[in-house]
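So that you can tell them apart, the chains are marked A, B, C and D in the order they are listed, and the count of residues begins at 1 in each.
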């Protein structure tokens, strides 16, 4: 048994700038490349979602559990700048940064690079904590904040 | 205002063979074609789901309402034979047949053709009625059967 | 045979503000709603692609033909603000605006509303004309501009 | 740096039955679960494509390279039986078997299990070697067969 694809996270607590940073790797699936042979522009949103869920998992937070406990985290805004195309079977690295301590909202910034360390795109999302019962915004739950706080002190 | 894409249903009550038949048209999206320039084989499942939901709507059944009332209809098996490729921007016609009166399960058969009436593929699915509370199979609800019965008499 | 879903385009030449505007309708597929029951945030990119391709078709431009003639039109940047969620089976209207005469780049602005005329989201994309041979940016081809020019005079 | 998700392959040359077997693990993405909270039935096709591409890579064959050299491998038929649902964030294992030495066609069989070793589904696909120039079926290329032959002797 050998590990052929490593999806790993780099956990960095930058002592100079308070923030959290992690990395994952994603292999582009055939389904995700388009007629030009490039990753369809719409498919990066799912990659970034994997990137932020794994970033949270790295901090000890399982997004699914939070949702099962009644807190949803939908996306409020999403913005992406495409710099170079990525192609089928490329092994992409996505670096995810939480640039500031979350309050009622949480921001994520992403940078995608390929195996040659070429920058593919830069993106950011803002998500908002929503109470599943009321469907209204709510503060980030304490169990979420308790895991994340150490990176911003 | 002009109609440029017609998604229409043909409702046929075949008086010789009891069955229900409907047709829809779907324009292939850029996101759905792959690196070969053809519709990715995995994307037909979503087309067939649109085809069967519109077939049910044609009979007066809104699948969403049934699900909201507590009856799920997940797919038990799915099988597809690919005959010719379809490409980006092709306007496909999917013919859906309910070959027999549903009981605890419902079968759908599909045929996809392109604008030149070339047969693209043939497929079939079996779905099962599930009670959302118990997550166990259940008989088809009466409001479902009442809409469908006339086609099988 | 009855038309049950109309995907129609409204073609407006605003005589006060030079711009092009069109509308399409898209029914949300089961595959496109997520665990929250809402359209997955990543799926709107494909809707906007359908919206802009149909907007171009309305002006007499078939995007596929342009690509087959050797001009690609990849997305340079994409930004979306989510205002209200859309759900499974919702019939969404996407209004597409080309706000200015395209040069080497073309901008599209989008607004999605549901059947109750609730604003779901606002988005914009910038696309760039690329020569397929050289994979370098190029001016918009004349046959493209000739169709689009009348809306900006 | 720690590895948090292992996508590994188990390479088995069964000395009693000539065949090739490999395993990969896939974490279900949010985008891939539907309104029921389960993996949308159409999304398994992309999982199985990842499974067979990684199975080939394990034998020394990069599918992308073969395609770049002019041999396509489209799916001829695909069949799947769903046994239990899988949900968002589940870590699925897909076992892929090549049951017989490929000729003009290659068969793959798949079994998906979850972390509790519950069988989720069973599927199979037949793919055909196609010459990209002629778009006609062709024999499997020798460099493909040379990598695969040892498992069937």
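Here, a residue touches a chain if its C-beta (ideal position, glycine included) is under 8 Å from a C-beta of that chain, and two chains touch if they have at least 3 such contacts.
Predicted model only: the values in this text are computed from it and were never measured.
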Under the touch definition above, the chains in contact with both chain B and chain C are A, D
Rounded to the nearest Å, the gap between Cα centres of chain A and chain B is 35
Chain B and chain D have mean C-alpha positions lying a whole-number Å distance apart equal to 27
Note: chain A residues in touch with at least two other chains are 30-31, 35, 40, 42-43, 45-46, 49, 88
Contact graph of the chains (line, ring, star, complete, other): complete
Per the touch rule above, chain C residues touching chain A in the complex are 35-36, 38, 40-46, 49, 67, 72, 74-82, 85
Within the complex, chain C is touched by chain B residues 1-11, 27, 29-32, 45-46, 49-50, 53-54, 57-58, 62-64, 88-89
The answer for chain B against chain A in the complex is residues 30-31, 33-35, 37, 40, 42-43, 88
